[in-house]
Structure formats: C-alpha cells, structure tokens
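Two complexes follow with chain A in common, the first pairing it with chain B and the second with chain C.
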Partner chain A sequence: MTQPLLTIRNAQKRFGNVKAIDGIDLDVQENEFFALLGASGSGKTTLLRMLAGFEMPDGGEIILDGKDVSQVPPNHRPVNLMFQSYALFPHMSVAQNIAYGLEMEKLPKAQIKSRVDDILDVIQLGQLARRKPDQLSGGQRQRVALARALVKRPRLLLLDEPLGALDKKLRGDMQLELKRIQHEFGITFIIVTHDQEEALVMADRVAILKDGKLLQSGTPHEIYEHPQSRFAADFIGVMNFFPVREQGGKLVAKDGSVIAAAKKLEAGQEGVAAVRPERLHLNGDAGENSVTGTVSDIAYHGLDLQVHLKTAAAPEPVLIRLTADIAEARPISVGDTVTVNWAARDTRAFAH
Partner chain B sequence: MRSIANPRLMLMILSAVFAFLYIPISVLFALSFNEGGLPTAWTGFSVKWYGELFRNADIMGAALNTLIVAVISTILATILGTLLAVGVEIRRRNGRFLETIIFAPMIIPDIVLAIALLSFFSLLNVTMGLHTVILSHVVFNLAFVCSVVRARLKTFDWSIVEASTDLGAPMAITLWRVVLPVMLPAVIAGALLAFTLSLDEFIIAFFTAGAGRDSITLPMQIFAMIRFGVTPEINALAAIVMTVSVVILALSQRLNRGGLPGQ
Partner chain C sequence: MTDRKPLYLMTPALAWLTAFMVVPCLLILALGFFRRGIYGGIEYTFTLENVALVFDPLYASIFLKSAAIAGLSALIAVVIGYTAAFAIAAAPTRRQPTLLFFAVLPFWSNYLVRTYAWIVMLNREGLVAGIAAWLGYDGELPKMLYTETAVVIGLVYNYLPFVILACYAPLSRLNPEIAEASRDLGASAWTTFRRVILPMTVPGIATGFVFVFVLSIGNFVTPALLGGGNFQMIGNLVYAQFLTANDWPFGAALSMFLIAIMMGLLTLQTFATERASGARRED
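Entry: the complex of A and B
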C-alpha cells in the first residue's frame, strides 16, 4: 500500500481533567471518504478540530503528506473545514464568501473569478451568486459552505456534521451529492457524524469513537457485519442481544436455551449473544438457533414490518424485520406465538 | 387576561405624560423663533436669534471647544471601548467582575466622577484645560461604547473567525475583513452615543476644564449666560443642540437594533 495521506499517531488531548482524545491511531488514504462516527462527547469533533489546526494535540503526531503538521496553525495547513454552523460571512455575498479563501492565496483576480464561477456551477447556485447568506435556504447555505472550502482544493476536506441541519429528504439527496462531488474532485473527505446511517451510506471507511478512543475502523460492511465490541454492535444499526453465560463450550441464555455463535466466550464468562433483526427468519430451516415468543407489537414501515417478540431468553423484546412479501404470505397479529430461527454464523458473542 | 384598565383612561394618562415631557421642549423651540425675544409675549416669527447666535464669538468659541472635545474623546473611547469589549468577550472567565469595573463609570454619579477626576489631576499636578476635559470624557464614554459593542458581541458568531483563519487569513486580516464589518453597526452606534453624551456633558467638564476662557465648553458657556437670565440666543442654541442630539441618537438606535443594555 502507498503511503497514507494522513497518519494520526497516538494523538492525545486533555481539557482540564477530561481526556478528550486518548491515544488515537488512524490512517486515511488519498481519495478516501472517511467517516468519524461517535456519540456526543466521543471526541470526534475534537479530533476534527485537531486536524484543522484549531486544537493542538498534547501528544502524538498528525502527519499529512509525510510532514508532521500537529503544531501548524490552521491558516498554514492544506486542510479546510466545513463548519457545522456553516459559518458563512454574513456581510459577504455568496460569490464573495467563496472567493475569500482564494484571495488569501493572493491568486490573480481572473483566476479567482473563473474558479468561483466553476464551483458555483458544481453546486448549482450560479444565479444566486450575489445573494447574502441570510437570503438563502438552509440547503443552499450548506452548499455555499461546501463550495467555500472545496474551492481551495485542499489536500483534506473536513466536514463537521455537514447534513445535521437539513431535513430528512434533503439529507438523503445531499448524501449522494457529497459522494458525487468527492469523486469528481478527487479530494479526501473526512466527515464527522453521529448518524450511523449517514456514515454507512457515504463513507468508504468508518471509524467508531468512544470516550476519546478508537473502537474500530473498517469499511461499512466490516463495521456492520463484524462489530468487534458490544458498543459497536449496538451503535451501528439495530441489534438483538441475549444475555448468555459460557457453560462447557456453549452459550446458555437466561431461559436455559443454547445459542450457537460464530465467536465463543471464554470458559465461565458472561456476555451477550447478538444477531441482526434481518437475520431472523420465520421458516424453521434457517439455522441452528431458535427462540419462541409472543408478538407484543407490530410497526408498519412500508418497506418492512417490524415485529417485537417477547421472549424468556432476552429482557428486551426481540426485533424481527419482515419484508412485505413475507409478511403477506404469513400474516401475523399481536398476541400470536411465533418461533424464529437464525444461523450460528450470523451470531456474534461479546463478553461484558 | 383582559385589560383591567379603561382604554380611554390609559390614553389620557399617556397623553398627560407625553405632554409633561414635551411641552417645555416645544415651548423652547417656539420661543427660539419669537421675534421679540421675551418669553411672555409672541410678537412674530423670526430667525434673527439664530443669526445673533452665530455672531456671538463667546458662544462660537465654546461650540468649537465642545466639538473638539466630543470628536477626540469619541474617537479615543470608540477605539479603546471596542477593543475592551472584544477582549472581555474572549476572556469571559472573569467576566462578571470585569464587567462591573468597566461599567462603573456609567453608574457612578457624574458629580462623584467629576470630583474624583479633579482630585486626580490636581494630585498629578496636571495643568487643566481642554485636554483634561477630553481625557475625562473618554473615561465615561469608554464604558458606554464598551457596553453597546458588548451587547452586539453576545450574538456574535465566533465560528466565522475560525472560518476566516481556516480559509488562510492571518488574524489581522480576519479582524479587518470579517470581525470589524460584522460589528461595525454596533461600533458606530456606540460612537454616536458617546458623541451625544460628550456634546452636552456639563458637570465633569466644569470641574476638569480649569480656569480660563480657552477651555470653556458649550454647556459651560450656557450656564454662565443664564446667570443673567435666559436670553433668546440660548433658546436658539438649545434648539440646535437638541436637534443634533436627537438626530444622532436616532441614528445610533437604528444602527444598533439590539438596543442598549438595560433597555
């Protein structure tokens, strides 16, 4: 593999007594769309601000293009940040906002103009170039903020919750739009988000942060299908958990049933067995594991039917997702007794 | 909840209050155009007292002094007050205490401030004159400018400062091209307020101007003149000062829609 564009080595940052970043190691490749995923307080925004240069790490290295930039001020880094609040200059027009960064590079006027015009085409706001930010909609402001950072052609573009302020429909459109723009410009994107779905949809690779530590990083598929911790399993997507104890090489649930899993716990260890709702089936030959319960709730989601099953094996209702055709073939109503099956290879086990 | 008071009664009380406030001012305006010049009888409309006013060398000299004091003290107070407001906002940690000592000159009675400044200048053996009036006016104007600018800073979006830095601007360029333009309305509003305050300030100027005719300001001149009765020229002068102050204050209010603290 070629040298990564960005290497973070043992990054540390304290705020008073709180370790905001606690020894993070991370590589980001050229041209990657990378997502930092975490709940609030996980350190993801601090890490992003460190990359932008607004926070200096207390320890460790941030290597960009082979050079340690951890102590370089923000205005001297080939890195641009798209702010969560967009941070557009209220007294400047759209075009002036976008041109500002290029003026700081002291480029010739003609070149600034042509680059601003080009990027206005990309974000399709050419006809609004003279408007002030307060005359734009939220979605338009978001695109101006993106254009203002992108027009500098940074080595690394950082995006802090870029879609957080948009409504759901627009968010979906913009996810694809961001991916398209990233491909078109060939610029490495690092996005911070708390929305796991957004991270999975957009990113080539995802890193999950918790309490200032990196829990796991990998492709969306790896993260979703092979979570390495209970937290990751719970945080990404929906997961059914069965509390279990290891007894003689087997995982035994609270009600005494045995759950076969791809990964074992150590002898006598307590933990959970976990399986995704979409891996649970109603037909008896789907796998080694099964659980029987009473239907407590059915929620119609259009694309699928989400059925809650009260069982003796788990304290929380077990969630099953039935696609429309299966649900129509075998109607289920609240109060029914239902048995579901799943395969051992779809089952993960995590120690407490 | 329905209104408990009779609307007609409310209107009457309101009218009475406004009448109490504005009838004396209207009388002053009217008298400044009274040809005879006596407050007891209207003898016809004339602008001759305004003409007299501009021919009076003492008044014109005092007016020039007042303008000098107002302009210089406003410029100094605006620069210092704005920087102070930004500084206090950035270092919010000791905010409460800092705020109290910054705004004290607004609250301390003018007479106390005047005596304090007089004693201070005497202690330092400073020869008093226009320059001490200017410095004294800076003292209270600074507090007013600072409070107006701070009110605006409370809603200032600091992320635009970071955005400017991120886009490659050094701090000086950020201040000049981003911070100042966004804050400019508040800075101008503060300056206009300071200017009007300085324009008609009497007590502090009276105490710190020293002896001699050279450092007499307009309010001091008026005070000296009315000891021999209100002359029609003073009516004209008051009308002009009043008009200028109101226009400037209205401008300042317009620029600073956030209003003054406490309003």
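Entry: the complex of A and C
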C-alpha cells in the first residue's frame, strides 16, 4: 500500500479535565471520502479542528504528506475547512468570498478570476456571483462555502456537518453532489457527521468515535454488517437486541430459547445477540433462529412496513421490516401472533 | 405595517419629544431670523443678518476649530475605545460583563467632578507633574492645563465609555467561525482583522465616532474648565450669546447650524449602519 495522505498517531487533546481526544490512530488515503461519525461530545469536531489547525494536540502526531503538521497554524496548512455555520463573509459578494483564499496566495488577478469563474460553474451559481450571502438560500450558501474551500485545491478538505442545516430532500441531493464533486476534483474529503445514514451513503470509509476514542473504522459495508461492539451495532442503523447468557456452548435468551450466532461468547458470559430488522423473515425456512410474538404496532413507511413484535425473548419489541410485496402477500394486523426466522450467519453476539 | 399598536405605544415618547425637543428646536429656528432688540430681547422683524454673521470669518473659524477638536477627540476615542472593546470581546465570556462594568464605571460619576479631576491632574503642581518629578524629571514640563490638548484629553476621557459600548456590540456579535474561516483560507491574523473583522464592525466605529464628535462639538463645559477661557468652542459662543451678550437671535442662528451639523452626521451614520447591516446579520 502507498503511503497514506494523512496519518494521525496517538492524538491527544484535553480541555481542563475532559479528554476530548484520547489516543486516536487513523490513516486516510489519497482521494478517499472519509467520514468521522459520532454523537455530540464524541470528539469528532475537536479532531477535525485539530486537522484544520485550530486546536493543537497535547500529544501525538498529525502527519500530512509525510510531514508532521500538528503545530502548524491554520493559514500555513494545505488543508481547508468548510464550517458548519458556513462562516461566509457577510460584507463580501459570492465571488469575493471565493476569491479571498486565492488572494491570500497572492495569485495574479487574471488567474484568480478564471478559477473563481470555473468553480462558480461547478456549483452552478455563476448568475449569483454578485449577491451577498444574506441574499442566498441555505442551499446556495452551502455551495458557496464549499466552493470557497474547494477553490484553494487543498490536499485535504474538511467538512463539518456540511449538510446539517439543509432540509431532508436537499440533503439527499447534496450527498450525491458532494460525492460527484469529490470525484471530479480528486481531493481527499474528511467529513464530520452525526448522521450515520449520511456517513454510509457518502463515505468510502467511516470511523466511529466515542468519548474521544476511535471505536471502529472500515467501509460502510464492514461497519454496518460487522460491527465490533454493541455501541457500534446500535449506533449504525437499527438493530434488534436479545439479552443472552452463554450456557454449554449455546446462547440462551431470557425465555429459554436458544439463539445461534456467527460469533460465540465465552463460557458463562452474559451479553446480547443482535440481528438487523431486514434479516428477519416470515417464512419458516429462513434460518436456524426463530422467535414468536404478538404484533404491537405497524408503521407504514411507503417503501416498507415496520412491524413491532412483543416477545418473551427481548425486553424491547422486535422490529421487522417487510417490503411492500411481502406485506401484500401476507397481510398482518395488530394483535396477530407471528413467528419470524433468521439465519445464524446474520446474528452477532456482543459481551456486556 | 397595518398593525397600529406600535404607534399607540410610541405616543407618550412622541408627545414628550414633540413638546420638549421639536417645539424648542423650531422656536430656536424661528428666533434666528429675528432682529435683536436694542436693549437685548427680540424685535420681531425678519432678517437674515444673524445667519450671515455665522459665516463671518471670526465665527466661521470658531466653527472649524470646534470641528477640528471634536474630530480629533472622536478619532482618538475610537482608536482607544475600539482597542478596549476588542480586548473585552476577546476575554472569556463570563468575565466580559465585569470588564464592561469597569469600562463604563467613570460614566456614572458626575461630569463636572470628573472634569475638575483633570484640572487637579494636569495643573502645574498636579498629579502628572508629581509623577514626572518622582520619576526624576526635573526640567520644565510643557504647559498642560488650559490648552487645547487638555480639552481634547477631557473630551476623549468623558466620551470613551460610549465608544467602548458602541464598538463592543458588533465585536461581541461576530461569529468566531468567520475569523477562523479567514485564517483557514490563508490569511494572517492581521489580514483577518483588516479585511474581515474591521469591515464587519464599521457600524460600531461610525456610531462611536459620530457620538463623540456630536457631543464634543457642542460641548461648553470641558472647553470652559480645561481650556481656561483661552479659546472658545462653538458651545461656549452659543452660551455667551444667550447668557452674557444677550443676543438671543445670533445664539439661535449659531445653534441652528450646530444642530444641522449634528443631524447631518447622525443621518450619515444611520445610512452607514444600514448599509453595513448585512455584516451583522447571522443565522
């Protein structure tokens, strides 16, 4: 493997008594679309600000292109940040905002103009170049903020919750747009988000952060299908959990039923068995495991039907997702007794 | 705009302003166009003599002198006040109210007392001379009290709290991410200040400057006490027309011009603030 573009080695950051970043190691490859995923307070924004140069790490190294940049001020890093608030300069027009970073590089005027014009085409805001930020919609401002950072052609572009302020429909469009732009420019993107769906859709690789530590990193598929901790399993997507105890090589649920899993627990250990709702089936031959319960709730989502099943095996209702065709073939109503099956290979087990 | 409630709520203030501000101003305006009586008082015949007299080189030069002193005071006050406001806005949020309190504290004591305090400090055996002597300076100090410098010092000192408050407001409202964005895009701290922070806080500077200028140009207490009657500002001239020379119509004509200058500046400042108001909006 080639040398990674960015290597974070044992990064540390304290704010008073709080360890905001507690020994994070991370590699990001050239041209990667990388997502830092975590709840608020997980340290993801602090890590991003460290990469931008707004926070200096108390320990560890941040190596960019083979050089340790951890103590380099933000204006001397080949890194640009798209701020969550966009932080556009309100007294400058769209074009002036975008040109600002190039003027700092003391480029010739003609070159600045052509690069600004080019990027205005990319974000399709050429006709609004003379507008001030407060005359733009939220989505337009978001594009200007992106263009302003992108026009510098940084080695690394950091995006702090870039889609957080947009409504859901626009967010979906922009997710694809961001991916397209990343491909087109061939710039490495690191995005911070608390929205796991956004991370899965956009990123080549995802890192899950919790309490300043890196919990797991990998492709969206790895993260979704092979979570390495209960937290990761719960945080990404939806998961059904059955409390279990290991007894004689088997996982036994509270109601005495046996659940077969891809991974075993150690002898006598307590934990949970976990399975995704879309892995649960109504036909009896879908797998080794089964659970029977009463339908307590049905929610229509258009694309699918989400059915809640009260069972003796789990304290929380078990969630099943039925696609429209299955739901139509076998109508279900609240109060019905239903048995669902699933395969051992789709079942994870996590110790407490 | 169809809701009349705001208008009703403003009635008491409007009535007050009309009775004690607009009407007296109109009276002054009218007074300026009448003749002075032979033994003082007013003779009610129309004349433009008073207005013409304002442009007499003698009086016009006092106007210019006053404007120069007010302008210098405003400039110095803005430089010092903006710097102080910047430092306060940069302090930890929980300490800012205390710092502001101390910045504005002198303002709550009597104007005359504060001005007399400067006489004590600037006079030949005063505090400044004392400190100079204590530091081992035994030469002749330049005359400080009863000079233009003393007047400027007094004006700056008195109106500084206004400037600090006026500049603090936009500085404290700045989204810190905007300054960070400038650094991120490659700007040094100084360039960030010059190209981003300063333009975004111009309304505060304009407000502070106009405030000090307007209050200084018409001021008569500070020039009288710290200038020692060595020179007159326009406020002293007006004062003299009404209270010693007994020439009310000329005093009124002078006041008219003073008010016109103030109104002009305040209008300009309002426009400047409105134009830059985009700079203060955030979402």
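In this section, the second predicted complex is superposed on the first by the 352 of 352 C-alpha atoms of A that agree within 3 Å, B and C clash if a C-alpha of one lies under 4 Å from a C-alpha of the other, contacts with A are read in each partner's own complex, and residues count from 1 in each chain.
Here is the rule we go by: contacts are C-beta pairs under 8 Å (C-beta built on N, C-alpha and C of every residue); 3 or more make two chains touch, one makes a residue touch a chain.
Note that this is a predicted model, so its numbers are computed, not measured.
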Practice prompt. Using the superposition on chain A, decide if chain B and chain C clash or fit.
Written response: clash
Worksheet item: Should A:132 be classified as contacting the first partner (chain B), the second (chain C), both, or neither?
Response: second
Item to complete: Check whether A:100 is in contact with chain B, with chain C, with both or with neither, and answer first, second, both or neither.
Response: both
Worksheet item: Between chain B (first) and chain C (second), which, if any, makes contact with A:16: first, second, both or neither?
Response: neither
Worksheet item: Looking at the overlay, does A:66 come into contact with chain B only (first), chain C only (second), both, or neither?
Response: neither
Practice prompt. Considering only touches as defined above, state whether A:83 meets chain B (first), chain C (second), both or neither.
Written response: both
Worksheet item: Taking the superposition as given, does A:248 touch the first partner, chain B, the second, chain C, both, or neither?
Response: neither
Worksheet item: Where on chain A do the contacts with chain B and the contacts with chain C coincide?
Response: 52-54, 73-75, 79-81, 83, 85, 87-91, 100-101, 104-105, 148-149, 152
Worksheet item: chain C touches which residues of chain A in the complex?
Response: 52-54, 73-75, 79-81, 83-85, 87-91, 100-101, 104-105, 132-134, 148-149, 152
Discussion item. For a test of understanding, state which residues of chain C touch chain A in their complex under the given definition.
Written reply: 175, 177-178, 180-188, 191, 195-196, 199-200, 276, 278-282
Worksheet entry | Footprint of chain A on chain B - complex, ascending | 157, 159-160, 162-170, 173, 177-178, 181-182
Worksheet item: What does chain A use to touch chain B in their complex?
Response: 52-54, 73-75, 79-81, 83, 85, 87-91, 100-101, 104-105, 148-149, 152
